[in-house]
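Chain naming follows the written order as A, B and C, and within any one chain the residues start at number 1.
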Amino acid sequence: MDNNLTKIYNRSLKGPLIFFVVIMLLPFIFQSNNYILSTFIMIGFYSLVTTGLTLLIGYAGQISLGHAAFYGIGAYTSAYFTATLQMPSWIGILVGAIIASLVSLIIGIPVFKLKGHYLALATLGFGVIIFTFFKEWKTITGGLNGFFGIPPLSLFGISFSTDFQFYFLIWIFVFLGIFFARNIVQSRVGRALMSIHGSEIASEAIGININKYKLQIFVLSAVYASIAGSLYAHYVTFINPQLFEMMTSIYFLIMVVIGGIGNIWGGLIGAAIYVFLGELLKDIVPKIIPNASGEFEIVFFGVLLVVILIYMPNGISKAIFHFIKRITSNFKNKPVSAFSKKSTGSDIHD
Amino acid sequence: MTEETLLKVENLSKSFGGVNAVENVSFEVKKGEIVAVIGPNGAGKTTLFNLVTGVIPATSGKITFKGVSIIGKRPYQIASLGMTRTFQNLQVFNNMTVIENVMTGSHIRLKTGILSSGLRLPNVYKEEKEVMQKALQCLEQVGIADLAFERAETLPYGNQRLLEIARAVAAEPSFILLDEPMAGLNPQESRNLVNVLKNMRKQGMTFLFVEHDMETVMSIADKIVVLDYGKKIAEGTPEEISSNPKVIAAYLGEEEAI
Amino acid sequence: MELTSQFIQLIFSGLTIGSIYALIAIGFVIIYNITGLLNLAQGDFAMLGALTCISFVNMGFPLIIAIAVSVVIVTIIGGLFERLAIYPARNSSTATLLIITIGAAFVFRGISILIWGTQPLALRPFSGNQNINFLDATIQPQSLWAIGISLLSLAVLYYFFNKTYLGKAVTACVVNRFAARLMGISPQKMSFWAVSISAGLGALAGIVIAPISGASYDMGIMIGLKAFIAAVIGGLSNAPAAIAGAFLIGILESFTEGYLSSGYKDAISFTLLLIVLFFMPNGLFSKVSGKRV
């Protein structure tokens, strides 16, 4: 009876470990190619944010259009504590996470009394208000001129100043983040979150305090975003308010939707598709339409978003995991009975 | 059977914009009893359920469960006192498998929080194994253990009803409310469900249920409460109710109207 | 004396932008009540209208023709958007539909970058640049056009929904979907027309404001959101309250700009939105109107 749990939860660390090793080997292949390294580093920042958001949107079913604010809170707090106050990096990261969790708690209490459209709009409005703080609180943030001279990250006496070094750091954070989130999903808490998405009334009727869980997961996702923001600030060493605008929140949402709800790897997959597709389009489109400028690539993301929501409402990651399952089961030459296919296929929580 | 009172409803009223959906209703449910609430359509049965489980607030009156007043408590607080329910319009968690639905039902019996689960502490795995075992038992109790790893939404209607009952049982409640458990079931499924409920009663479970199907009501209820236009018009054993002229009038009146 | 003239000037610019918000807010109300959809691409119809009109004017078409053709084109775009993006997903959750409209907004913005680029374009005022003096305040004639056209459109809409057969049918659909079906009114057709008409209204709003604020691919985001705030604080199901909300937001913004700093105007509008959402979920004027559909 012991192995019954594996029929619903894939707790095995094998897949993630293989993936981790591959990711950790990549920089040795592309050591001299800063473009590839920096592209992967960007995917890392976004993955950290979207993994937290996947818990909120994909599992608990609560939309947020304001997460760029928490990303920005992390970035500005780290910038202020390390550049202005000359404190160690870890203090900036920690204080950023604390501020983000306090802010998300304060805003979350009234916000989660709202549903659907109004929830989306309230989080969006909150994002605009925080953006205004970044823009107008010039003594701390430098306003629209931006915040210059953020020192490179240094932790445990190691300085992460090159892309090569930073790559390892961000991806270790990403994997820890996914590991933590995956464990949550495969537990009582994960089921409570999914039950809120499934039916709020039924989940309250079996004793789940839905407001508490919505709030907890909102705070957790804010902390993920804040840590990603802190690391980002140290990586780019210069930040300005536009980086944390409403559009950034919407991009995060797009990544989560593309990657897929209800799968903990969805955030990472969505972030990767978003970054690669964006780079690809910036490369190809100007060859076809020579005078294309600005963020024309949003046309494609717009179309992708609409098409996915209409035809693949569970996102791309479900399809990818089906594919991997098929390949690995063919590889092992395992006879696939109708029953085992059903119970180990689409429903398992990876 | 002890004579301990589990649920006590006193002078309960609820009005929606001046219309009284439930008016001055009082009744009691004793431990180990199966009590049925019947009445013509629109008599206020589901409203009564929603009041007792805290989904909507009462306009006036008292509800005590195990001697504790539950007026003003949130549904999840009432559930953790040991009262769970099923729904007339099925509220199965479609985004999960059958077994996960039932495991979710054990929520209040478990302790794992965000931190302990996220860090994968050893006791979490132990708890998970236990809750899964428990969920399988609950599914066996209602007879759908073989469907444990199917997606809940793929189950036929009748099995989804059984699933909701298994989920309600998983919380180890002392009292379950069933809102029209027989609706949409074929005769075979109904008989099966009646047996399930009878077995559970033998093990000491108390039920309050709303039902249209008179045959079921007469065969398993110890006591029947009859509502009409939000008021209680009769209360008694199935024999007493079936010969009560007021009840007959209320039902005949409805049939004439149809 | 200078205080009063500044005051009057701010009131006028508030009414001007408010009238633009009102036109778009009405679009929100129409769509929301007929389909339950919250269309975040609404502001982008204004952008498309303004830029299309500028192109036609630059091609040498008379202004009035350019306006009419642009409104028609955007109305058709609205209809296409409804059929291609909304209709196939009509059974999805509200959140999914909301995100679909964000996707559509991206498409509109991206296309306009490809056609018109990222630089703002200008449209000449409808009737010259000669400012009007009113109690020592200088008022652009375009402001009067904006307020006038928007009031006229609202009057036409009022007539349409309350006096014509088709309009009454739409209203019936809002009040009672089932009854509407019995009368042979298809909600899906209504959804199509609602989105199309709202797109046309949005285009008109964009064209009217273009001579004052210019037109660029990203102008729709904030205009749309502000109009949405107006509709929400007025109570989404109540058209007159939404219009009042639009003028309130317009004036609030113009006063924030005049007396505080333009940097705060978005935050102040959104703060008002949050206050209304948290404390008065039926809208600012729900007690006054006392009506909920």
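Brief remarks follow.
Note that a residue touches a chain if its C-beta (ideal position, glycine included) is under 8 Å from a C-beta of that chain, and two chains touch if they have at least 3 such contacts.
These numbers were taken from a predicted model, which means no experiment stands behind them.
Under the stated contact rule, the graph of chain-to-chain touches is a line, running from one end chain to the other without closing. Chain centre most remote from that of subunit A: B (centre = mean of CA atoms).
Subunit A and subunit C have centres, each the mean of its CA atoms, that are 33 Å apart.
Centre-to-centre separation of subunit B and subunit C, using mean CA positions: 49 Å.
Our note on geometry: subunit A versus subunit B, Cα centroid distance of 40 Å, whole angstroms. In subunit B, no position touches at least two other chains. By the touch criterion stated above, subunit A contacts subunit C in their complex at residues 61, 63, 110, 113-114, 116-118, 120-122, 124-126, 128-129, 131-132, 135-136, 246, 250, 253-254, 257, 289, 291-306, 309-310, 313. Against subunit A, in their complex, subunit B makes its touches with residues 53, 55, 74-76, 79-80, 84-85, 87, 91-97, 99-100, 103-105, 107-108, 110-114, 117-120, 124-125, 127-129, 131-133, 136, 149-151, 164, 167-168, 170-171. On the subunit A side of its complex with subunit B, the touching residues are 1-2, 4-5, 7-9, 11, 179-181, 183-184, 186-192, 194-195, 197-199, 201-210, 216-217, 220, 262, 342-343, 346-347.
By the touch rule above, subunit C contacts subunit A in their complex via residues 38, 84-85, 88-89, 92-96, 98-100, 102-111, 113-114, 117-118, 217, 221, 225, 228-229, 232, 261, 263-264, 266-267, 270-271, 273-274, 277-278, 281.
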